[in-house]
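Right, one structure below, let's go through it.
Think of it as A, B and C in the order they're written, each chain with its own count starting at 1.
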Amino acid sequence: MLAGGLGILATGKRRTASEELQTVLHGIVPLIAACSYFAMAIGQGSVVLPAVASAGPGATRIFYFARYIDWTLTTPLLLVTVCLTAMHGQHKRAGAFAGIVLADLMMILTALFFGASEVPWIKWTWFLISCIAFLGVYYVLWVSNLQYNRSERDDVRASYRQGSTMLSVLWLLYPVVLLVAPDGLNVISDPMSVIAISILDVLSKVAFGFLMVASDTRITE
Amino acid sequence: MLAGGLGILATGKRRTASEELQTVLHGIVPLIAACSYFAMAIGQGSVVLPAVASAGPGATRIFYFARYIDWTLTTPLLLVTVCLTAMHGQHKRAGAFAGIVLADLMMILTALFFGASEVPWIKWTWFLISCIAFLGVYYVLWVSNLQYNRSERDDVRASYRQGSTMLSVLWLLYPVVLLVAPDGLNVISDPMSVIAISILDVLSKVAFGFLMVASDTRITE
Amino acid sequence: MLAGGLGILATGKRRTASEELQTVLHGIVPLIAACSYFAMAIGQGSVVLPAVASAGPGATRIFYFARYIDWTLTTPLLLVTVCLTAMHGQHKRAGAFAGIVLADLMMILTALFFGASEVPWIKWTWFLISCIAFLGVYYVLWVSNLQYNRSERDDVRASYRQGSTMLSVLWLLYPVVLLVAPDGLNVISDPMSVIAISILDVLSKVAFGFLMVASDTRITE
């Protein structure tokens, strides 16, 4: 499978190395993703499901469930690193962590049901629920965290704003891609959507990881 | 499915809203349950299993596995909020949290095997193991926590005693209902048991959540 | 099933009892394992899979998946207790915990794919990935933790060195056994491998648990 092979190659350069929690988390996130890409590449991370009803009888689509397992593990870790940056110099607020991680898990789990469902109205209800949970993530990022962040030094605030902006923009593209992918409306082809998601993954895991670790190093100094 | 529809309606008014960890946790618990009820209502959260042997050949029962996924996520959160109240004004003891959450997870996981098993003696052995784990939860609530709680202010102690009493009584009804439900002895009908569990869920998630958040607000002042 | 019965018997004497986090964790680990052994003994924790291709057509093997569920829960707990000992008298470093637990989870999850795969090259690639993650665990144990541990009292350092040595040696035997077991090369018979793993489990959970709790009691005094 071409796209999977691409994915494996792409994961080769994913290892970041340093010594703090930020680095450990950002370093392990791409490694988990690499395992998930490997599973998808060899066919253990996907199943063939019937396509949504409107695609005609007998039509099928590949459903990459490994992606959702990957996201279940990695997205909470990414959000935790962002929250850590937001509250860099102060006592960490457990409420913000609990809220963002639980909202994120609900987003991913309901998205798994979205991906696995066949009946259109059920599918799109799950999509809607997932999007509402996604709004919960944005709420913590842009309301709660921003408030805690207000009392930080200027460079910490700049770091946080940069990190959470990049995250918000990149993550917003995921639902857009899945909306038009075979999991959703089936507008773009399967290899296309795999490539799009792979690019997003590299950006939101590797590029984002490098950025966060670098800015964390900067604000620690 | 009638009972499922009821469940969805019942979840409509479940959203509590405030700002601290207690609130976030108590606010998200019913939302997770709402997703689980939705899944059960549309038939994605249950499978048809053969009834226990004694019910005669060919007999079937509906096994709502989504309920156990829901409980795996929500019961630890509820117990954590209670432990937080117990140790309101002091350093939190990791041992109590680890003990109660792990006992709770064992209770739910073995209960899942109880629900999924068909051979009677295996089924009831799982039930027994689950009940023993449940005793572990009670032990932390009524022995360990009560001891830490002794050094708290009077109103905190009253709050804790109220919260843990309500929790202990409500949770005790779950094994009783499942004992007579189709998962267990099959004495009451499937809709009956679904309604009973739904009422218990509303009480132990929504009512309990409101109570805890209110009493937390009171003791914070 | 003989070996399973042995397992249940062996778990009878597993209950350690005391009062701190160390004890709670070490006490619950064997209880989780006992449930897993029970499930395997009654046949709910294993499935019959086709043997690897080289074993000839129609050959089958028993795949004990319950073991991996057990390990997913218990190995992080064991590693956490070791890290707690390493940083006994100081502020706990979240990075070390995150690193060792995530490396461990990757080791177990990829090992699950190793156990479940049939095509040889895929199987052994998973084995290799799992071993690399295992090296990550060793790294935290012998590099990061040892460094934090340097600033501890002499008896804490002796305890840590004893605990992490015992853990490292015992855990190293797991991949060796699974390498020759039916999950891997199929050199030794199924009952043989079950007995070997059971002995290792008793040592690395019960014996190790007693040792750690005892040494924790000693360094607390």
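The working rule: contacts are C-beta pairs under 8 Å (C-beta built on N, C-alpha and C of every residue); 3 or more make two chains touch, one makes a residue touch a chain.
Computed from a prediction, not measured in an experiment: that's the story for all the values here.
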*Through how few touching steps can subunit B be joined to subunit C?*
1
*Could you work out how far subunit A has to rotate to sit on subunit C, using CA atoms and steps of 5 degrees?*
120
_Interchain centroid distance [CA atoms averaged], subunit A/subunit B, Å_ = 30
*Contacts with two or more other chains, residues of subunit A listed in rising order*: none
*Residue numbers on subunit A that touch subunit B, as the complex places them*: 93-95, 98-99, 102-103, 105-106, 109-110, 113, 117, 119, 122, 125, 129
*Contact residues on subunit A for subunit C in the complex?*
19-21, 23-25, 28, 31-32, 35, 38-39, 42, 44, 73, 77
